[in-house]
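Alright, structures below, take your time with them.
One chain, chain A, links the two complexes that follow: it is found with chain B in the first and with chain C in the second.
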Partner chain A sequence: MGRLNFRLTKASFDQNLRFLKRHVCRYAGNVVVSLMMKRRNLIGYLFASPWMVGFLLLIAWPFAASIYWSFCQYDLINPPEWVGTENYRRLMQEFREGRGFAVALQNTAYYALLSVPLSIVVGMGLAVALSWRVRGQAFYRTAFYLPAVIPIVATSVLWMWLLDPQDGMVNYLLSWLGVPGQNWLTQSRSAFSVAGLENAAGWAAGKNQLLLFGSKDALVLMSVWAVGNAMIIFLAAMGDVPESLYEAATIDGAGRFRKFWHVTLPLLSPVILFNLVMGLIKSVQTFTSIYILSEGTGQPGESLLVFSLHLFLSAFSDLEMGYASAMAWVTFVILVVCTLLLFRSSKHWVFYSSQ
Partner chain B sequence: MKFAKTANFWRHVILLLLALLFTLPLILMVFSSLKTPEELARNPYGLLPETWRWQNYPDALTAIPFGRYLLNSLVLCTGTVLGATLSCALVAWSLSHVNWRGRKTAFVLIIGTMLLPWQVTMVPRFVLIRELGLYDSLWAIILPAFLGEAFFIFLLRQFFMTLPREMLEAGRVDGLGEWGLFWRIGLPLSKPALATVAVFQFVYTWNDFSGPLLYLNDPEKFPLAYGLERFVSAYGDQTHLLLAASVMFTVPIIILFFLAQKTFIQGIATTGLKG
Partner chain C sequence: MKQLSTIFVLVCLLAIGLFVALQRAHPRVSDRPENAGRSEVVFWHFWGGADRDVVDDVVQRFNASQEQFFVRSIAMPGNNLQAKLFLAIAGGDPPDLVNQDDPIVGDWGWRGIVQPLQDVCSPEELRALDEFLFPAAKQLGSFDETMYAVCNGLDVRALYYNLTALQKHGLQPPRSLEELTEIARIITPPGTLNPETFGYLPDARRLWAWGKVFGGDFFDFETSRVQLTDPAIVAAARWMAGFGNWYGADTINRFRQGDQSLPGKTFPLLPIQDQEVQGRYVMLMDGQWRVRDIDAFIDRRRQQGLAYPEFGVCALPAPAGGRVDAGWVNGNFFLIPKGAKNTPGAVAFMKYWIGLGDPEQAAITCAAGGWIPVSEEVVQTNVFQAFLDERPLFREFVRLAGSQNQTPIPVIPGAPMFKREVEKASATAMAKPDQSTEAILQEANTIIQRRLDKLGRRVGQ
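Coming up: the complex of A and B.
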């Protein structure tokens, strides 16, 4: 039935007509459908056009240009001049000699290594306190979260005043605890460094004053104060822990601490990983507070010369766009490697409840 | 029973102490902004001012061109909020309800760009803005907002995916085109998500310091965030004015936070990003 018939009878004519009707219509339908598909495509492109233009102008081209310029000498005034791997070699050399880029890396690493884990511990601690069933939860939540919404410029101004060595409130409160006044923003030496430990040892031996905390520790303090976002994420994740698990743990005779350790913590581990990665990225990109605290110089000493500030100064004060681009890429690669390592390690400590 | 009561008491004590610790800097900022400069120097640790010097506020307003900066901030915020909500809604719609070739690739690229640090593209972006003749113009900050922001596209796309398909089908039967579906059905149903984007973008632009630092040069065009920092450099010793200006700069964000607290907290809890 389903084919053309060339016998010249009425029946075969009707058959041919049916065939043509069916197939031509189907074909025409296909054409219309494919036209509509193309119209779909067109509509899709129109809707997505802002992003397409943005992607080309603000991501793809800058991406390519930044790679190219990292092999050039470029001062914004004269056209870029190809210098091969010169910029990368300079970074390597600075790294070996412990200046410039090496200082920036050290400072960034110090800040990230202290502020990220501290923010996670404090954020989780606050979330636990907020999960207690007491009156006024909403009030406490707002109070803990409020610092995170304060504009970073205002936060920086505020903490510059609070951390003033002479009459800052922080030193005043420390004096209640018997801790001598610290040179928060005027001291380049940090607490958890060789020099910082030497100072502490000297103090223990009664040789010198205890002047532990420096400018980077002040920065860490500020970041921990504004820990609200991590806290909210932990709090939301804690709400998702099924009540039945806690009940089962209670029946098994688990106390408060064991419940936290064996139920809450494993179920929160994916969120911890998330906060670790986000915190790491954020800490490497921190710029505004550092710029304001050091008035755009990285001082005292070079203690606040973190990667983002060094990059900014190399580009816009030394006009070394090539060197800055190379530095951006090296740091980006380091950041990606650290993130991948975190994900790799997560196999051993992150627990997914669907497993 | 008695145990539960004392436990509750201690919980309140701990929570109150923590709340005090976290809000004390802000409380100090507000009260100290009302002290006389003489009192600030003599007794910086007292909580309440001995004499309430409201004059600090008018003084701060005249010491820096506050009105000018505020106007610039508002122009930037309006422009970027409009640009970001409109462009990101369009793009997110194309990713969720228009079936076009290459949209999966586009989605992957958008997710990818969220992970790219701004420092990598900073230098070429600056050069681009300069080449376009937008350096030292507010457009340098407003225009990019009209070209979509990966995070907001992602957020809106996730929301659009939850819209009921039947409703869109009904709209189609009623003769709405793709644009009509987006404008008449999609957007009105997505007000909470659009509000989230608007609020986040407003806060971002209001607080943004690095944008003006990179692209603006003329003090007439500075927004508050940048102007305030200039003020710190110039009047670093006049703490009373500095604090008053900081309070005035912060208050709009606090008000917005209390008005849109749910938006803030849910936006962060569900997406976890930004901030």
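Coming up: the complex of A and C.
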């Protein structure tokens, strides 16, 4: 019954007819179902197409193209010319000679190493303070979040005024503490550097003025001012900490600090990891404020020449898109390695509530 | 099926909407009755503020004088004109004409980003341009004996001085570099910790000017060698670094930042308070545009019935063996990008602006903007002479514009990098006077030469 019968009898004919009817119907049904599925898929693809087209054109294609360009001499106007690993060798040479790429690496590392942890500490501190139920809590939360929504250009100009060595508010406040006015935006020497420490030692010995903070420190200060985003994430995470844990801690006789240290902090550790990774990526991508503060030059003394600015100047001022692409890829690899290290280390210090 | 049809209709509507919106954003010239029959010249420039009004005025005058072309000017103030231009060229829709003031002519010409004038001008026009322009204006626009840009305004630096303040100290304007150094030392003695006024303080970026004044050349065009270790350049850098030694980098940095924070970026030579005679500097190197600031300051004081100091301008004083009337000149120039569609219109507008064939029109523009003409013919017009009579300080700048010793940053491929590295080396020499100036310049020389050689090798030079 399950197949065609080729004998020339009426019974065979009837059998074959039944077989064909059943299988042809099934086939037709399959075709119809398949068509319906295809239509559904088509609708799905149609809805997803704006994103897919955008992704392919604006992310995937430039991503792939920049790998190729990093092995080329390319000035945006003329066709790329293959130069092999020359751009990467130049990066290595600059790294060895301590200029160009090495300076950018050093400046970016300084900024990231100071601004990211500082933003997390300040963001968490503010979140803790703003979680206390006090009168006007909503107002304070808004006020502290506000700097994060002010456009970066406006913030940068505002900070240029605040950090003015003669009439700026920051130096004025420092003078209350007996600290001499700092050359915030004109000094390449930064606080946490050999030259900075030498200046501090010279001041202690009465040889020179205490001029500790330079342009990179000013940048770190600016980044800390806009910790609103980190603060909001911490606030949300703190709201998820089960009240029962605090009650248990209270019964055990824990005070405010112990509750924070043994309950809040461990449960916030996944959020700290998140802020750490995102902050690291953001700090490497910082561009606008640096471009404004240094008027697009990375000055004074190349102290503001970070990755993003060095890349921009190489690509659009020197027209070395190949070199800039190579730098972008090296930066990407460095970021991936740092992120992986952070994730690897997380098993030692990040705790999830399910654990 | 109904769902599909709905989506299809929505997509079509969206596409039509976008098309209409784009059409409205870029109306065709032929849609405007007043421009009917004229071809459009798209002109990108960076001017803003009061200068933009001057540009709009030139464009209006040109359009009113034309039956063939119509200029549409697009202002792009800020630093993003370059990136937008490259993308426009790469996208196949560049403007017909661009104005620039960075040292990019050699670089862009060599890379084919801009068209050589010989491709868009007739031999007669090229000859006329050659005879018309000041030497400095020709140098600014030429690379490898080919003209790529037409200079439409020169920027010359000279030494401004506050004569009243000098006389108050019992001094006279300097006639030599030694006198300038001595005046600086008397007004602000070395070691002053928080000075309120500097007699003179060199800007690290101006090694380009002082190097020339000392008799040096930054680049040898015959051998294509960078010459930062030319004894005259080293001497100029040492002289500048000497100020770092006198006052200390920290003091200089602090003072410089104070200049930036003056209200409205006031010219720091001018006194701030009503009763003051001197500003933050008694002598200062700057460009011709500061004449307007000084005149506005004097007018204001006159209206308020207050006394005002007397100001003067002189060429940068040279040391023994140095060059007279020397300095660093730059300027604004027109470029016709690769792929420009209306090159005849662009050439017509360039000629109108600089005054080739009608110097009076250029004189009106230069007088309105306080710009230095690019030709002696424009300087000699009645309009411009009347302007010079009104603003006598301007005369010195115009005189210097015609000097053979006023030269730009070498017009070569890689010039933006060359400029940046020289200024960086100069800043380092001033910030670290304990380091050997020669060693700093030698290092910069090696880096620049290496990069230039690499550029040259790529084109098979």
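Note that in this section the second predicted complex is superposed on the first by the 324 of 355 C-alpha atoms of A that agree within 3 Å, B and C clash if a C-alpha of one lies under 4 Å from a C-alpha of the other, contacts with A are read in each partner's own complex, and residues count from 1 in each chain.
FYI, a contact is a pair of C-beta atoms (placed from the backbone, for glycine too) under 8 Å apart; a residue touches a chain by one contact, two chains touch by 3 or more.
From a predicted model like this one, the values you see are computed outputs, not experimental measurements.
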Touched partner set for A:165, first chain B, second chain C, both or neither: second
Contacts of A:146 with chain B and chain C, given as first, second, both or neither: first
Which of chain B and chain C A:78 touches, first, second, both or neither: second
Superposed model, chain A: greater residue contact from chain B or chain C: B
Touching partner for A:29 - first (chain B), second (chain C), both, neither: neither
Partner chain(s) touched by A:43 [first = chain B, second = chain C, both, neither]: both
Partner chain(s) touched by A:316 [first = chain B, second = chain C, both, neither]: both
Partner chain in contact with A:301 - chain B first, chain C second, else both or neither: second
Touched partner set for A:186, first chain B, second chain C, both or neither: second
Chain B versus chain C as contact partner of A:255, first or second or both or neither: neither
Chain B and chain C footprints on chain A, overlapping residues: 43, 46, 76, 160-161, 167-168, 316
Contact set on chain A toward chain B in their complex: 40-41, 43-55, 57-59, 61-63, 65-66, 69, 76, 126, 129, 132, 134-136, 139-154, 157-162, 167-169, 172, 225, 229, 232-233, 235-236, 274-275, 278, 281, 284-285, 287-288, 291-292, 295, 307-308, 311-312, 315-316, 321, 324-325, 328-329, 331-332, 335
Sites on chain A touched by chain C in the complex: 39, 42-43, 46, 73, 75-78, 81, 99, 160-161, 164-168, 181, 183-188, 209, 211, 296-297, 299-302, 316-319
Complex contacts: residues of chain B adjacent to chain A: 8, 11-12, 14-15, 18-19, 22-26, 28-29, 41, 44-45, 87, 90-91, 93-95, 98-103, 106, 109-110, 113, 115-128, 130, 144, 146-148, 153, 178, 182, 203, 206-207, 209-210, 213-214, 225-226, 228-229, 232-233, 239, 242-243, 246, 249-250, 253-254, 257, 261, 264-265, 268-270, 272-273, 275
Contact set on chain C toward chain A in their complex: 3-4, 7, 79, 82-83, 86-87, 89-90, 107, 111-113, 193, 250, 253-254, 256-258, 261, 338, 414, 416-417, 420, 424, 427-428, 431, 447, 458
